[in-house]
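Here is the structure we will look at.
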Amino acid sequence: MYLILLPILFPILAGLCLLVYRKEPERKLLTAFTGICLVITGALVVSALTLARQSLTLFYLTRTLPICFRIDEISVLFSLLTVIVFICAGLFAFVYMKHEQKEKRYYGFYLMVFGVLNALCFAGNLITFYLFFELLTLSSLPLVLHTGTKEAIMAGLKYLFYSLCGAYASLFGIYFLYHNCDTLTFTAGGVLQVSPASPEGRFLLLIAFVMILGFGVKAGMFPMHAWLPTAHPAAPAPASAALSAVIVKAGVLALIRVIYYIFGADFLRGSWVQTAWLTLALVTVFMGSMLAYREPVLKKRLAYSTVSQLSYILFGLAVMHPDAFTGGLLHVLAHGFIKGSLFLIAGAIIYTTGKTKVHELRGIGKEMPLTMWCYTIVSLGLIGIPPTGGFVSKWYLAIGGLAGDIGIFRYIGPIVLLISALLTAGYLLPLTIQGFFPGADYDYNTLQKREPARLMTIPILFMTILSVIVGLFPNIITDYLTEFVSTLL
Amino acid sequence: MGPNLWINYGEAVAAILFCIGFTNLLLQTNLIKKIIGLNIMDSAIYLFLAEKGYIAGRTAPIVTDGITSVEAYINPIPSGLVLTGIVVSVSVSALMLSLTIRLYIRYHSLDLDEIAAQLKKEGR
Amino acid sequence: MDFVCNFPFFSILISLFSGTICSVLPEKAAKAVNRIVIAAVGVMSGILLLYLLGTGESFVYWMGHFPAPWGNEIRAGILEAGMALFFCIIMYLSMAGGAHKLFDEVEESKHNLYYILINLLLSSLLALVYTNDMFTAYVFVEINTISACGLIMIRQVGRTIEAAVRYMIMSLLGSGLFLFGLCIMYDLTGHLLMSNIKESVALLIQSGEYQIPLIVSVALMCIGLCIKSALFPFHAWLPDAYGYSTVSSAAILSSLVSKGYIFLLIKIIYRVIGFEIFNNTRIIDVLFVFGLLGMIFGSLSAIKENDIRRMIAYSSVAQIGYIYMGFGMGTQAGMVASVFHILSHAATKSLLFIAAIGLTEVSGGSRKFIDLTGAGYRNKWAGVAFTAGSLSMVGVPLFSGFISKLLFAQAAVQVEGKMLAALIVLGISTVLNAIYFMKTVIRIYATTGDTSYPCITFKDMKVHAIVLLFFIVLNIILGVSSQPIVNMIEQGLAMFA
Amino acid sequence: MTVFQIILMGLLIICAVSVSFSKNLLNSVLIYMSFSLVMSLLWICLESPDLAITEAAVGAGITSVLFFVTLKKIHAINIAEKSEEQKASQCPAPEKGGQDE
Amino acid sequence: MSKRKPAEEYHKTFAFHFFSWLQGEKDPYLGNVEMKPQEEYVIDPEMQLRHEKEHDAILDKVYDMAHNRELRLFHRLYQATSILFCLFLMALLLVTISHLPATGAAVKPVNNEVAARYIESGLEETGAVNIVAGMILDYRAFDTLGESHVLFVATITVLIMLRLDKNKKGEPNPLTRDMNPNDRIYEPKNDAILQLVASFLVPIIIIFGIYIILNGHLGPGGGFSGGAVIGAGLILYLNAFGFSKTERFFTEKTYKWICFFSLSFYCLAKSYSFYTGANHLHSIIPKGTPGAILSSGLILPLNIAVGLVVACTMYAFYAMFRKGGF
């Protein structure tokens, strides 16, 4: 019965004892220890997902607010994504961190973030979720602050204040929810019995919008997205891979939990909150791609693309139609793998060549052919070319958008998705073209093969293959998703 | 305005003295004057309290020749309380005066605002 | 009337008597007596608490041969015993935490005077908690004020003397107003005992005479106690008093002394005037508005502050604003939230003060933020403690700050008119708190590279580290297992009237 | 009896007001002394002799003595300071003389 | 489309700021966060000196009360508001007093059964002829216990402030070295008139003080007033004959031990009577025949104890203020 607690406590304790350990152990021992811990946690998560089915109440924070954990379909999806991305980014970090100092602190907090994310996926009610949402911000902050330079601290402060303000906006909402509905445990189809028309309901609609904005900060929605482009380049590459592939998805998980498991979809269907959410999502999609298009620094460009791709998912959630919902969840998986490998590739490029600007990377395809091949496949996936995962999720999103009863957004939505797909091609493919066909004046004799270390290419290759598999055999995931989506909508 | 303001003239004077003492304590800049204001305020409160116990036409509560009927004496409780109060105000003014001496030795001025200005200048 | 009922009287008497004894003892013995007395009073209050939880109702203890309205009496209930126990724990830990700094702050020969002040402060706090008579409360408020002023000025630096003068002036204004209100109340009801006053006040309300003097007397008493417990508009003396005094006195002053007066105000609300009558006077809204203003302006001036101890002092102005906001809500839940916040603020504030001293020790004694950068690495224990304290103040779950904010929010949501204002200001002040506490935490963990200052390891400040550990554990206990404590507070308040 | 009380109270108010407007500190302390003497007279009119004795002994006696000692101490510090300044102003003069030769 | 604006004019437009904020380049709160590495900040002494001078100049200008306009305005505003607050307070108090029950009236809430019992059974319950003394030392004894401890705390604080101690190595405490220890330089040596008057007056004052203490429970007076009278006598003696004479019989040790014994006696006696009262035990202290000196149970010894404490305290206050020692 306590099996559900193991994947949460084990990484946090491992991280803590790493942090408290007095002197800096030499690299080989440290990387071995962290690798073993990551693998054990992955095994624990998988075993918890398969075996532990019933919910566990740890203790009662106040009279009616327990800290309890429960595994349902959504947590399976998100924890699988977390395990895969964290293990790959962890392996990648073993090589990448040679250039950084204070690795012990990095690995300690890295393991703690892994534990907190598992707890977030397994959270059973809103208070436990908020507890670990707050701890996630605080434990992921040192990852952003890792380099300790002036702008890293500025980026960290900005990330902290944006997340704290978002967290308090959602806490503001939790107070009212705690007052109105008798229990805050996540039940499919919503816990709220108030009808949206009553004055009480109108007020709760405003509360729902405040919570969407609060959790939207973490998911990089339009007005509060400014921390993402500054936090990603400041963090080391494996940390920003974890940050954008999984930690930002915590905001998406929060929105799913709040909208579909507390308020209930039919409470918000057709209300002004839904239209406002749709507009914000679409504006972010378009604006993210436009900004990424003009961005010279590679990691910042990828950060902007995270902003826009996440709003694809939010659009899927906002439409409140089964197909769009499945498309959104699929895009969570696909985007996780694609963006994870993109950031690892960017990290590999910085590690080997030390260049961060896109226009400096002429002829990179010749120097690092394997990595750049993965880059090409993965960016095709993100654009949405058929064989890869991106295409399937965008396909479901478009159908759901068309079928959903959301007024004129049925047409604007798919159009904006299409334009943004083109823009994605616009900001991802030039690197491939420039890399493989450097043009006439490129002197081939100064070229030397600089393929990154074996331990770096394996995670990138693994994630690329995964994103392609998600594209080739989607129906394993889609039938799994569709049979429980009907209970939510 | 209630009926017996002129009957309670003692308490009215006590209230006026209280406000004079209160203003002195707040507004005077010289520390010695502040302490005098403090003492005036305390005496005013004790006058106010003692006026409560006074009953016209009755003598002090000392049982001289064995009469213990209630009509002979005034109410003893307020004078007991004021007795305690007077010693409190003495000890507080002794404390404040010792503080004034130490401040004067250190800053050579009795004016609280001037001392604060010197402190700020020295502090930065 | 079994033996346990004597414990409140014994604890007050022991602390009073130990004050007298310390005047003749040498310095080492005085310190031992002080520690033994605080521990003994703590144990007694603990046993009394268990006994009261068993019987479930409060008892009255005659001070002398004569029944209540003639002689004095003290009354002990669950809330009083719990408060006394908590005060002893905090005082013991603060004294132990600040002991190592005492030598370079206080003159050699004046140490036993310092311990006398601590003992008499403890006795006045206990008397304030237990007393059932208004004039006894006034006398022990005076002892509390004078010994607190002594604690401020024992360091004898120019700044502390000026802070002591300002503190005394404001407190004497406060006690003057309090005594004036008390005299008017005595004049109207003829009693000084709290329960008798309550009956006659109830009679007065029904008969409808003397309405204006009654409200004016309650208002004067409330303003007097607000001035003494540094509510927002009257908080000018607080930053200097807490910022520059010695370590343990700053911790004791900020967490215990102002709480004694607030507890007396709770007694006045419950026992002297009655909870419902107090609710429909307009004083509730005035307290509510001042509480809200205190929360915002306290945090704002804390952000501007450049000295770490003055910043913590300003943050306690904000926390006192929280407590008065709880009073201002006028519901039972609001009162429970305020009492819980008294406990959680006392635990967090003294932890922050003692950790701040640990940090300043390592950065060459200066309290400016520039010199504190990287202090978290040099003094690991103080760094971890300060982070835990600021996380609790910011309201991160698993710490006591989160529970008190949750209780305040639950109480606010039930009050129709004041709900939005309370919640919005709660959010704003939490974010302001987050800004200046997180700024400091990131500041002490920023790496500057210059290692000119010494590093302190566990060996050379063993007691200080253990005290910090106890405070963190106390904070987490309050945060995690808050439910039994909240039940105890509700039970205490129920039998309090 | 009430006429006598009214006179005493009038005296009290005059003393209180004149204390706050008097320039010289010594005058204000003297006026305060008379204030507390009048106060002890008032206690007698209010039929509470205990208070009269205590106010006379403690209020008029001890507090005024403490006020006078404080003023004397402040005055003493002033004189000590002036004498130091004179000493300081005299001794640099001979040094200048030294440099001239 | 639109005419290309020159760069610096474009920088001032709103669109530029909006897009740079949108870009996450320039943040309204934190300023622009571009990626340039931080160059080393080198401090040259001459520039630092200039900073110091400027700093002091600014400080002087800011803090001199006379010419600084805002400070003066603030000061006047503060005075005006506090005067208004005091006038409002006075009006409020006068209105409340007008509603209070008439002074001197026999039937009002204050004269209830509490006062009646003190007067009627005060004599035989406490044995004290002076009902007020009986009340403060027997009925409401806890207040007076607190009261003497207020005096004790005040003495402690005055000792902290003014006592000049030599620490172990002999040199005075650095903080208080500017307080010259001996004040005798400024007072006239053994002024003949004062000594003559003192030698005549001091015994009378002390006998009068002892009389007040001993008759505390019979007539008006009591521990506090008697002690203050004796204290005043001692101060007169000190003034006349100087510290050398008083040190013969009154040093710091005697002060410490007198205070200790009388306060602890007071505490123990009162706690005995509280304990026996609370647990309804019979206290063995005899009441004695009313009117005799040795009557009214504990009140006489308590009065003596309080008298001693108050006398020593008043003398200690004067000695501390005068010389910072005994």
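Order of writing sets the labels: A, B, C, D and E. Residues in every chain begin at 1.
The rule we apply is simple: a contact is a pair of C-beta atoms (placed from the backbone, for glycine too) under 8 Å apart; a residue touches a chain by one contact, two chains touch by 3 or more.
On a predicted model such as this, the values are computed, not experimentally measured, just so you know.
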item: Both-way neighbours, i.e. chains that touch subunit D and touch subunit C; value: B, E
item: Touch-network distance, subunit D to subunit E, counted in steps; value: 1
item: Most distant chain from subunit B, judged by the mean position of its C-alpha atoms; value: A
item: Chain occupying the middle, per Cα centroid; value: C
item: Of B-D and B-C, whichever chain pair has more C-beta contact pairs; value: B-D
item: Inter-centroid spacing, subunit E versus subunit A (mean Cα positions, whole Å); value: 63
item: Distance between chain centroids, defined by C-alpha means - subunit B, subunit C (Å); value: 28
item: Centroid distance [mean C-alpha coordinates] between subunit E and subunit B, Å; value: 13
item: Distance from the mean Cα position of subunit E to that of subunit C, given in whole angstrom; value: 21
item: Interface hub residues of subunit A, defined as touching at least two other chains; value: 157
item: Two or more partner chains touched - positions in subunit D; value: 48-50, 54, 58, 62, 66, 70, 73
item: Per-residue multi-chain contacts in subunit E, two or more chains; value: 93, 95, 99-101, 110-111, 114-115, 118, 130, 132, 140, 143, 147, 150, 153-154, 157, 161, 176, 219-220, 222, 224, 317, 321
item: Subunit B residues touching subunit E - in the complex, by the definition given at the top; value: 1-5, 7-8, 10-12, 15-16, 18-19, 22-23, 26-27, 51-56, 60-64, 68-73, 75-81, 83-84, 86-88, 90-92, 94-95, 97-99, 101-102, 105-106, 113-114, 117, 120-121, 124
item: Subunit A - residues contacting subunit C, complex; value: 59-63, 65, 127, 130-131, 134-135, 138, 145, 148, 153, 156-157, 160-161, 164-165, 168-169, 171-172, 175-176, 178-179
item: Parts of subunit E lying in touch with subunit D, wherever the complex brings them together; value: 130, 132-133, 180, 183, 186, 212, 219-222, 224-225, 228-229, 231-232, 235, 314, 317-318, 321-322
item: Sites on subunit B touched by subunit C in the complex; value: 2, 18, 21-22, 25-26, 31, 34, 38, 41-42, 45, 48-49, 52, 77-78, 81, 84-85, 88, 91-92, 95-96, 99-100, 102-103, 106-107, 112, 115-116, 119, 122-123
item: Contact set on subunit C toward subunit B in their complex; value: 135, 139, 142, 146, 149, 153, 156, 158-159, 161-162, 164-166, 168-169, 172-173, 176, 179-180, 183, 186-187, 192, 212
